[in-house]
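Letters A, B and C mark the chains as written, and numbering starts fresh at 1 in each.
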Amino acid sequence: MHWLVEPGFWSNPVVRTALVLGAVVAVVSAVVGVVVVVRGQSFAGHALTDVAMAGGAGASLVGASPLVGFLLAGIVGGGSIEAAGAERVRDRDVATGVVLGAAAGLTALFLYFVSSSTSATGSTQSVLFGSVFTVSPSVVPLSVVVAVVTLVTLLGVRRPLLLSSLSPELAAARGVRPRVMGLTFVLVLAASVALSALVIGAILSTALLVGPASAALRVARGLVGATLGAIVAGVAAVELGIVLSYDSFYWNAAHRSVPVSACVVAVVLVEVAGSTAWSRWRRGRG
Amino acid sequence: MGCEPLTGGRRELVHVHDLEVSLGGRTVLTGVDFRIAEGEFVGLIGTNGSGKTTLLRSILGLQATAAGEVVVAGREGRRGGPVGYVPQRVAFDHDVPVRVADFVALGVDGTRLGLARRGRGVHERVEEVLASLELGGLAARRIGALSGGEQQRVLMAHALASRPRLLLLDEPLANLDLPRVHETIALLDRVRRAEGVAVVLSAHEIGPLVPVMDRVVYIAQGRVACGTTAEVVRPEVLSALYGHHVDVLNVHGRVVVVEGEPGDPGAHPEVVVR
Amino acid sequence: MFEPFMANAWLAGTLVAVVSGAVGLFVVLRHSAFAAHAIPNGAFAGAAGATLVGTSPLLGLVVFAVGSALGVAALGRRRNDVVTALALVTMLALGAALLAASGAYEPAIDALLFGEVLGVSRGEVVALALLVVGAGVVLALVFRPLLYASLSEEVAAARGAAVRAIDATFLVLVAVTAALAVPVVGALLTFALTVGPPAAARMLARRPGRALALAAALSLACVWAAIASAYLSGWPIGFFVGAYAAGEYVVARAASSWREGRARP
């Protein structure tokens, strides 16, 4: 393995926390991401990252755990997106955009307070672009709990959820309540965004959400296959991204490492490009 | 076999030659050949998914074709000819800030660059078209806040506004009440007689069209066949086309196409005629 | 707040507001909110890159924003949410990596993301004005076909409107708007300005021309109020832009449902 990682990788506790947390987060993002892509809700997913960003900034202002901030903000923001967009489906993107804009404004305010009330620097960087290397190990149990609850909830509602994605009216006629379904899903989405915000930063968590899922959906046939593929792709992206970022410290003389988030996004992009090429090639043959 | 215009003396307006169209890797239309002359009224029929919309879009130049050619008014395969189009459906946003009159005016000058003010001519034309479809009362309403049938008639006004030489209408009667169906057909008939406009109209309910329709173009299994109205609107032809027994009845001077059991003609006259 | 050193801020804010409102109306009509969100992020990466190389940030902004816009346009009809989302995070990640590589000072990053109205220089105001005039001329030229294609691409294309070219022109307009607005209100808030006030105008106006004027006016009100509030409180301008834009939308929505409720007794 020495050709792969630079010295001290395995013995480093920070790295070990990062690898465990990264895997948990990648699994949740992948599973939720498949539903997001199938429902065509990438924009809502992305908007929640900006909302989570406001929560992260707020948490660092009051000194709370960032995960709690991400979660609370996601719940409030997700609820307002759902409430604003529920009546007029065609206007959903505008409602989402307005919530997103307000959240970005709040982030600006909180970060301003953080930087003017404390002497800490780098809060913008850590909230927006995150760094799994700075997460304290004490967050791991809570994130595992959130991850399990999220996955169980999603599994429980998957059938009515898919029906209501295909046709809200049809689902309503079958007794599924679309607003309840929409709200449940937005909360699941918020939890998953909160988790991935921990690892690659709020603003980039969209990559982990839709990237592995869309890559897997291009290659796999059924939904189950796509979900499994997305899990593999997501975990690979996070772990490989962590390795790359760790190694990059040794690549240049100045020892300026490439941020983990940028490395993860790069791996995700390679996966998406690869799956696109593969599906083109297969279609060209068949 | 009926794919040439009846009215020999008139100028040819549309020539579809050996057209083939594939969608999503499947051949939807193949070997399509027909001509339409000025002033003709042509009905386009076929089952759901047979390719009516695809054929109309090909004539408009909106659909990439795999083979063959389409010539409209002497120009080949180009959009923006003297053609008015009523699509099968348009989903306008509920609160789009555009009134019915604004939309109909865009039918006249919507492709023009620049902010030059609309001349009197445009406003008069809009009023005239809206009046002819009895839509004058809706002129100042927002377009997204109309009912389905109202929207369909506004789309027709929009298509007529530019004084096209060819009108392509994709199921324009589908959302209309019975009196409106007959009024609309009568209006189209007047327009084509007065201005020599060729009308191609797709429909599932062809009974009301029989009095004005010159010819029928029908699509089945990706191929197109044509015939005069008298040739096609007969039980044996329509039954073969729909793969289902169909009867053609004459009720109070109106033609009604009804579904019937084989050997039991007219057992289910479910269609109520005014 | 009308001291000489604020003059550039007011001028730049006014220019940015008018263009964002006008272009934003079409963002709303065309359901392009996501693209309009992605393009400023491309501009952010451009500014970060310019910081690294040491060239003018405005150049980086324009080049990257227009590049992102043309990329989105090239995806064309098959443009979809997933691709937009991935393009967006790519640009952000690139921006973050470039800033990390250049060792940029944190306030500079904050200014790019959340805006810094006081940072606008006289020279930049002149450049902004030129871009605004250019964008205005283009918008006036394509106004009618753009409106037509925004209502129904199918119908406009059938009448011969060059819908692909119109779409590309529109996205380049969004890009120019982003390049203008990012230094003033920031990459993350530019979007708030192109969606909130125009969405409010769309609900309140009945005619296209009036909707355009109202969108520009509401956007102007939003930016002016934000500059004044930022000056008085000392808080970042981005917060006020986001808050006022959302506020206009909420009020307009309440007004339009009230009006509809009255119209149908």
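As a working rule, a contact is a pair of C-beta atoms (placed from the backbone, for glycine too) under 8 Å apart; a residue touches a chain by one contact, two chains touch by 3 or more.
What you see is a predicted model; the values in this text were computed from it and never measured.
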- Message: Farthest chain from chain B, going by mean C-alpha coordinates, please.
- Response: A
- Message: I'd like the most central chain, judged by C-alpha centroids against the all-protein C-alpha centroid.
- Response: C
- Query: If you average the Cα atoms of chain A and of chain C to get two centres, how far apart are those centres in Å?
  - Reply: 26
- Hey, how far is the Cα centre of chain B from the one of chain C, in Å? 41
- Item | Euclidean distance of C-alpha centroids - chain A vs chain B, Å | 49
- Query: In chain A, what residues contact two or more other chains?
  - Reply: 90
- Query: Of all residues in chain B, which are in touch with two or more distinct other chains?
  - Reply: 93, 95
- Touching two or more other chains - residue numbers and ranges from chain C: none
- Which chain C residues qualify as touching chain B in the complex? 29, 140-145, 147-148, 151-152, 154-161, 201-203, 205-208, 210-211, 256
- Listed in rising order, the residues of chain C that touch chain A in the complex are 28, 31, 33-34, 36-37, 81-82, 84-86, 88-90, 92-94, 96-97, 100-101, 103, 106, 109-110, 113-115, 186, 188-189, 191-193, 195-196, 199, 235-236, 238-243, 245-246, 249-250
- Item | chain A residues within the chain C interface of the complex | 37, 40-43, 45-46, 50, 90, 93-94, 96-109, 111-112, 115, 121-122, 124-125, 128-129, 201, 203-204, 206-207, 209-211, 214, 256, 258-259, 261-262, 265-266, 268-269, 272
- For chain B, which residues are in contact with chain C within the complex? 60-62, 78-81, 83, 85, 87, 90, 92-93, 95-99, 102-103, 106-107, 109-115, 140, 142-143, 155, 158, 162
